[in-house]
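Labels A, B, C and D are assigned to the chains in the order they are written; within every chain, residues are numbered from 1.
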Amino acid sequence: MGPRPDGKLVSLREAISRFVPDGATVVMGTCLESLIPFAAGHEIIRQGRRDLTLVGPISDVLFDQLIGAGCVARVVAAWVGNVSAGLGHAYRRATEQGVPRPVEVQDTSNFAVALALMAGALGVPYLPTRSLLGSDVPRQLEAFRLFEDPWTGEPLLLVRAIQPDVAILAVQRSDPEGNAHLWGNLGVTEEAALASRHVVLLAEEVVDPSVIRSDPNRVLLPGFKVSAVVHCPGGCHPSPVPGYYRRDHAFYEEYHRATRTEEGFREWLRTWVLELPDRQAYLQRLGARWDALRQLQPAPAAPVDYAW
Amino acid sequence: MVRDVADWSVGELMVVAASREIRDGEVVFVGMRLPLLAYCVAKRLHAPRSVGIFENGIVRDVPTPQLLYTMSDTPNIVGAVWCTRMANVMGLLQRGDVDVGFIGGAQVDRFGNVNSSYIGDPHHPQVKLPGSGGAADIASLAKRLVVILPHGRHRLVQRVDFRTSPGYGDGPGWRQRVGLPRGGPSAIITDRAVFRFDPQTCEAVLHHWHPRQSLQEVVENTGWPVRVADGASPTPEPSAEELRVLREYDPEGVWTGNRNRADR
Amino acid sequence: MGPRPDGKLVSLREAISRFVPDGATVVMGTCLESLIPFAAGHEIIRQGRRDLTLVGPISDVLFDQLIGAGCVARVVAAWVGNVSAGLGHAYRRATEQGVPRPVEVQDTSNFAVALALMAGALGVPYLPTRSLLGSDVPRQLEAFRLFEDPWTGEPLLLVRAIQPDVAILAVQRSDPEGNAHLWGNLGVTEEAALASRHVVLLAEEVVDPSVIRSDPNRVLLPGFKVSAVVHCPGGCHPSPVPGYYRRDHAFYEEYHRATRTEEGFREWLRTWVLELPDRQAYLQRLGARWDALRQLQPAPAAPVDYAW
Amino acid sequence: MVRDVADWSVGELMVVAASREIRDGEVVFVGMRLPLLAYCVAKRLHAPRSVGIFENGIVRDVPTPQLLYTMSDTPNIVGAVWCTRMANVMGLLQRGDVDVGFIGGAQVDRFGNVNSSYIGDPHHPQVKLPGSGGAADIASLAKRLVVILPHGRHRLVQRVDFRTSPGYGDGPGWRQRVGLPRGGPSAIITDRAVFRFDPQTCEAVLHHWHPRQSLQEVVENTGWPVRVADGASPTPEPSAEELRVLREYDPEGVWTGNRNRADR
């Protein structure tokens, strides 16, 4: 695998169409509550993708939406719900009543998700941990095994590697080849990026390669590992992007209230996903509220010089 | 909205009780909501040199400039001393560098095991809860664990339906037997009481019951036969100073129950 | 462990005296050929420390010097020598002839050093790898074990954790509490820092905490894990520090020629280490050559804003 | 110093031969000295979209602005697309993302096993060499391996004294048996010849001998009975273009043997 000769800078529609087939294992929401690629989730829903396996530590309401839309067969996540507003109604309907379809849940923890992806990034079949010993979480033998430290005989839990088909990751800025800068809490983003067969980046800005190369320590992963770059400003709303916009707390509350019933969920989906052709239309529907979220207090990083 | 000191809410009392679990200079694995507020109160008052760690990869030793709704809100990054990968902060936890962690949950039993996964049979659950998040990791690896949850007979149960976050398992010696390197619960803080754990039997023992109710009410609302500590007493009320600091940070009581929110 | 009430900003002499006792396991040279804390190595030699175990991927000539000075009982390193000029004469004299004392060598590889320190940082007893299978390198059972992947039965090598007593690490800038910025190739620096019981930082500059906090993604590790901060400009010469000074290639060549014989090594050590009280005197001895190495071409990083 | 095209050094020939092992678009684990020069030549001429990875944590896809003495020299960072931890680039290698890696060594045997650790008995070595560095990792994990070393009967030996970097072990099936996930040597480039490996027998087979000497001299200076490939031929000389690019980068011949250096 090397750099692709054709351009990687594509529309979100094309990126999802090419790199998220039915049945794919997709990792998203890797920074936890920030930089969640909601725009990509919505496009997956619009394209009617089915039987996905979703992987992530927590996803705030992104996984809830995909589950409610019937795109998901399986979830490997430490927590699914609505972080600031409470539980995820669609998730509960699916797991408790099989509506709109049953979803299999693989219990795990945040650290175990991180270790599984780290193992995938490192190219080893598992990583050991002392976490979750004695917990009922690691029940599934295809994902966890008990083992002894060969030097001391002490118990350890082995967490099996995950190498997702695709990681969909949001970044502040990328060049057209996928060399990208990400800042803020990183969560499991680096591990997810390196573990996955394909990486799709949603960039708030697409910048000249010289901007990225001026600060190679801030690069998420090298462009040769990236399959598609999507210029998608506002693509993470209602989650925040440091330096670009704040979290829309009320939006989560509204989603929580609106989706209590299945009809309510359907209506929400029509309004915010199905009726809208793309992210631009979504931001237009948000209107002045979107502008308000972008009124920020500056906090510039101290200068750094790679003088040589 | 300026509120009277005597007008503390139970949520505020819980936050203050939790803050008192943090000692100066300690490294604290901070959860969201009440634990976050507890960390802010402790930091401002009696634990100025404590360090807060968030599982999304943030380490900070000054309070945030604004109330947080999630740990990844942008104000939590400003002034942080480290923004990094989750694996690094979980590594600190696993190495034994974290003194105390806070978690919530739907059920806890008298050995401090916590369930945040399933109500009923895990294979055919009556309720599917959101899951562990980082709670099981914190419960496994922190030196001390504080569990915070609402009180009730279906919450404080004889035996949890699913052991998401390990406490003392079935009693003395269990953590060592399963291979957990350290730790275990040191307190359960509810909206009715504070329990601590007997080092010999590993059982939760009632140490404080909150004002505005009786010890008897606590006992009746607990799903196991309550052992009451010698010298058990009403929970000390929040001081004016504690309430002032807490209300500076959360003036509208978003997380302390003054704003009404259903189905948590 | 929490922040220390007393000041961490100390002299190099005090830092070495307090945190590098006889017999300690010390990790250094973690960026590979850059940011090597030579000043700390020289202070260790001046204080006559004995029976150290040195850990590092490669160290350019730092380990050679410490071995030649008789400070070292054991080396856990993937490569010891003089990167641009050739082999390390002191290392060969010690390993082949026991001069000035025998040194035990634990064979390893760069990746295995990284994994051992990563295991130490993660607090697990080992990490698995597919590297070195069939190699003679992992001979020592206290550091390596062969094992099978419990899911597939495939062979794996387990690399045992290392938790050094102290990591001595150079950084571009630190605040007085040890919150520090490091940029350039990172090598195994992060893992070494997190794995070690104590961390001693050698900082080119000591800056106000606000500088470090303005860019928390560039922080090496949080200050509560740091035991001592030493303001030590020029502390890495002849190795380079991005943004501060270039590599002094000729100095390695000169060291190589000067240390062919044991007498030559002794003479070199007198001139550049034993006769000099501290790093400032060393830089004065370098003279104009030191000024020349600091004539750099600027390469500023693109601005980043953590606006919120 | 402008040198004539016909006046190429053996070092230059080796660099050019090595550069031809890199195909366009490939991910290359670059060693120092000759392999670094080879990567620069390939990048400028026939492999413009190749990517270079350095074990100190640098990934770059444009040549450095200056000759490097080590991979951590400051000019290697400028223009890089990634500066990261060694574990990340070794992870790429272990995952199978690296197409070709280059290593040196003191000895190689006919199955491509390389020794850079000990001459003589490893327990009481006659010579203690610097060690693996990253060579054993690259040999274990890259899809293809190119070994570069000086030619001689004590260098190209029947059996290495110590197998630092695994080649094909004792022959067919060995890598799979010991659990190596892929790879193996594809070429040995010396200052006298180029060997490639027979996919059936895993043995090094002579494909090219360098100009200015005879096939016979190569055979006599090799420590194993040399198998010569059908159609073996003199190594193609460096082109004017190749030499121009190489000399732009290393005008003084620091790494190509024009500058005299002892005891490497």
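Here is the rule we go by: a residue touches a chain if its C-beta (ideal position, glycine included) is under 8 Å from a C-beta of that chain, and two chains touch if they have at least 3 such contacts.
Fair warning: this is a prediction, and the values are worked out from it, not measured in the lab.
Counting hops only between chains that touch, chain A reaches chain C in a minimum of 1. Across the assembly, the mean Cα position most removed from that of chain C is the one of B.
Once the centre of each chain is set as its mean CA position, chain B and chain D turn out to be 58 Å apart.
Separation between the centroids of chain B and chain C, computed from CA atoms only, is 40 Å.
For this pair, chain A with chain B, the centres built from the Cα atoms lie 28 Å apart.
Touching of two or more other chains is recorded for residues 58, 74, 77-78, 83-84, 87, 90, 93-94, 141, 181 of chain B. Among all residues of chain A, those that touch two or more other chains are 122-124, 129-130, 154, 156, 183-184, 186, 190, 212, 217, 242, 246, 296, 299, 306-308. Annotation, chain-chain contacts: A-B, A-C, A-D, B-C, C-D (touch as defined at the top). On the side of chain D, the complex with chain C involves touching residues 32, 54-58, 69-74, 76-78, 83-87, 90, 93-94, 117, 122, 125-137, 139-141, 162-166, 169, 174-175, 178-181, 261-264.
Across the complex, chain C meets chain B through its residues 1-3, 5, 121-124, 179, 190, 194, 212-213, 216-217, 219, 221-225, 306-308. Interface residues of chain A, counted against chain C in their complex, comprise 122-130, 142, 145, 147, 149-152, 154, 156, 158, 160, 181, 183-184, 186, 211-212, 214-215, 217-218, 242-244, 246, 296-308.
In the complex of the two chains, the chain C residues touching chain D come out as 31-34, 57-58, 60, 77-81, 83-88, 91-92, 95-96, 105, 107-112, 114-115, 118, 129-137, 139, 154-156, 183-191, 239-240, 242, 246-247, 249, 252, 296, 299.
Within the complex formed with chain A, the residues of chain D that make contact are 24-27, 49-51, 58-59, 61, 74-75, 77-84, 87-88, 90-97, 99, 141, 181.
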